[in-house]
Amino acid sequence: MLLKTLREEVLEANLEIVRRGLVLYTFGNASGYDRASGLVVIKPSGVPFDRLSASDMVVTNLDSQVVEGDLRPSSDLVTHVLLYRSFDGLGGIVHTHSTAATAWAQAGREIPCFGTTHADYFHGPVPVTAPLTDEEIAGDYELNTGQAIVRRFESLDPHSHPGVLVRSHGPFVWGRTPAEAAMHAVLVEEIARMAARTVALNPQIQPIRRSLHDRHFLRKHGPQATYGQG
Amino acid sequence: MLLKTLREEVLEANLEIVRRGLVLYTFGNASGYDRASGLVVIKPSGVPFDRLSASDMVVTNLDSQVVEGDLRPSSDLVTHVLLYRSFDGLGGIVHTHSTAATAWAQAGREIPCFGTTHADYFHGPVPVTAPLTDEEIAGDYELNTGQAIVRRFESLDPHSHPGVLVRSHGPFVWGRTPAEAAMHAVLVEEIARMAARTVALNPQIQPIRRSLHDRHFLRKHGPQATYGQG
Amino acid sequence: MLLKTLREEVLEANLEIVRRGLVLYTFGNASGYDRASGLVVIKPSGVPFDRLSASDMVVTNLDSQVVEGDLRPSSDLVTHVLLYRSFDGLGGIVHTHSTAATAWAQAGREIPCFGTTHADYFHGPVPVTAPLTDEEIAGDYELNTGQAIVRRFESLDPHSHPGVLVRSHGPFVWGRTPAEAAMHAVLVEEIARMAARTVALNPQIQPIRRSLHDRHFLRKHGPQATYGQG
Amino acid sequence: MLLKTLREEVLEANLEIVRRGLVLYTFGNASGYDRASGLVVIKPSGVPFDRLSASDMVVTNLDSQVVEGDLRPSSDLVTHVLLYRSFDGLGGIVHTHSTAATAWAQAGREIPCFGTTHADYFHGPVPVTAPLTDEEIAGDYELNTGQAIVRRFESLDPHSHPGVLVRSHGPFVWGRTPAEAAMHAVLVEEIARMAARTVALNPQIQPIRRSLHDRHFLRKHGPQATYGQG
């Protein structure tokens, strides 16, 4: 992939999460990863979204060293890089503080699968990470945030659970491309919104049965997929 | 009715549910039915709403066979067709995952009639279907979804209850035309929103009395209707 | 006042409640009253707001008889007229089914005064009417709705309480002009929204003390008013 | 600083809080302070925001006397002035009745720090003032409101807590400039929104641990700040 194309895709994903109302000020960032070259493209730190251009995007390697670009990368770069290193097949990552998903992260609750909207995209709950220890917080915080995510996925497939709630913080969401990561971030916010309203109406509600969950997830993913114009 | 007109009406209903905020990405579809020809027009599967044109609409017969169109029809087609077959007088059906109505569907609760906004359009609660069995889910899922709706209406009139919540899924709503179905989908979302706020303020609230419900519903429907410029 | 001016003011109030998000489809109407001529101007029944012009407004007398206009007046006309007859000094009335205020009406709860936003406009709770009897509902329903409002105000001053929640229905709100009535309708919706969030955060919260309520209400109303450029 | 520049900055802060949805009608005001000249610039009282120009801004001294301008200053001027006098380093103050923050103020609850969005801006809860006594309300109300804020900050640093909820009223928020004060007002509203959703999902949730709170606050503030392009 041409780096120029990836810069544009990452810019577009950053703009998409703003247009969809997931981002207040600079609370959010999208990145993209080109497996062939081993390069990551990410939003610069603290730059207002309405002034971003493709040339502002920062290019780094998998050691988080800047390869191209005059601006400092997002402070969450180290977390992004660890996820690209740890999870095969990721081409884009989005981090936001979107309101409804962040409320679940702050409440320290995973989002159970209450319906088919959720089941179409996550093959289980939207997971939440364990709290960091004081040592992890005082140490290499962004790296340790990434490691808390990786630990949470020890027995989970990142392709059937394309995102996570970092406890007391907010969602990290991914996909095969920056555009898919942005779409998944929008869906996590909507799933969070619906689930909060669901538990308010029925605090005893249980997750949907496995057969229904499988039916929906597998309709859109894997070799049996029947959805769309494919 | 000319098929060309129906295509345009179905396109317009699909666009209306997007404009009204009921649809995220491709989570929704509208169809129309022409009784004279026995043909159904429906949105294609997985095509973004902002690229839809009238010529993208798929035309099928009541056996769900495509009669015209190059695209695959919405995967919910079989559900739509069963409703057109089972309920007399339907000219349009809309399915969405709109946030507030889906929360009631996910909570597994019918929406009681708490006020006159609801009473103007539904002559009773907004019903919810029974859960599907594992066999129904593993089998012809979309057909069985339709049959769960039809079973729920065994003792209900689909014209005095122009919609239903499919449990753990979302609303299916209908009308005499695609435009009326879209309007009813918007109303079901608003009724769901108001009712959730009502039970939050008063968890013991009871449905309105029958006389008030009748007064409002019959003011807008049936031979005694007095509302509007008719 | 010229009737032409009042028509335009009533049109503008009808458009304002749409722009402010208080109205879905045709669920709302604004009227104005000219004391000198004894004439009422009101929105026609069931006409979409985006097609309204000043010349569509219907002019009636205080017996609810149409004096000018080709369209049928809003079915709520009789309620409006009774309020103009019963409460001195009203120049405009707005009725909506706005979401948050209607939720309180549906819950059958008056809105207690929890803060200064409320206190600036209502010198007490936003009252709620008693339920209508089956006889009142089966009889002259719109008139009986108006009479339920008038009974609720037997010991309340309509100028210090410029609106009411009709139980199981929605708010009727008024002012010295159609524009003020529309502004009060917007405020009632915001007061309802804030109050619902307040009781969710603190179910035991009590209304503000009388001294604070008086301080705010009397700052904006009556001979001691100090607010604005007066 | 040129007074002309400050007028424009204050106008812009007033417009920003409207664009961000924090203000209904005239429920809000922004001011700025020029330490060198000892002058305050504030929005005029009761003037609609869509008609404001820089020349409408009112200039006063720290005795709340108008120095320039034909309009009456906002009735909250005395509160603003007391804060400029009491807290070193303030260059802008914003007062609103924004919905979610006002709900916490009306509920009489401070907003605990449940996550990193909050921790990035407040080094502790968003505090709430004690109720005013009847005597304080009947006396110099706006001054006493300011004094309740100052008392609340006896053991708090206004630079690590750039805002407060005035009980039963709404937020006062500040910054080094009018623009920063407006940004903090937007953040307080979002923090309030997230926190309300958080306690709804988990009523027993505790504030985040001190180490995480410090890590985030100190990343953006003080000599160790690493965020942005600085």
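Of note:
To keep things simple, chains are lettered A, B, C and D as they appear, and every chain counts its residues starting from 1.
To be clear about the criterion, a contact is a pair of C-beta atoms (placed from the backbone, for glycine too) under 8 Å apart; a residue touches a chain by one contact, two chains touch by 3 or more.
Owing to the predicted nature of the structure, the values given are computational and were not obtained by experimental measurement.
Shared contact partners of chain C and chain D, listed by label: none present.
Other chains, considered apart from chain C, form one piece (clusters defined by touching). In this structure chain A contacts its sequence twin chain D using mostly different residue numbers, the overlap staying below half. Centroid to centroid, with C-alpha atoms defining each point, chain B and chain D lie 46 Å apart. A separation of 33 Å divides the Cα centre of chain B from that of chain C.
Across the assembly, chain B contributes 200 as residues in contact with two or more other chains.
Taken together, the touching pairs link the chains into one ring where each has two partners. Note for the complex: chain D touches chain C at residues 24-25, 27, 44-47, 71-72, 75, 97, 99-100, 102-109, 131-132, 134, 137-138, 141, 168-170, 196, 199-200.
Per the touch definition, chain C reaches chain D in the complex via residues 114-117, 183, 186-187, 190, 193-195, 197-198, 200-202, 205, 208-209, 211-212, 215, 219, 226-229.
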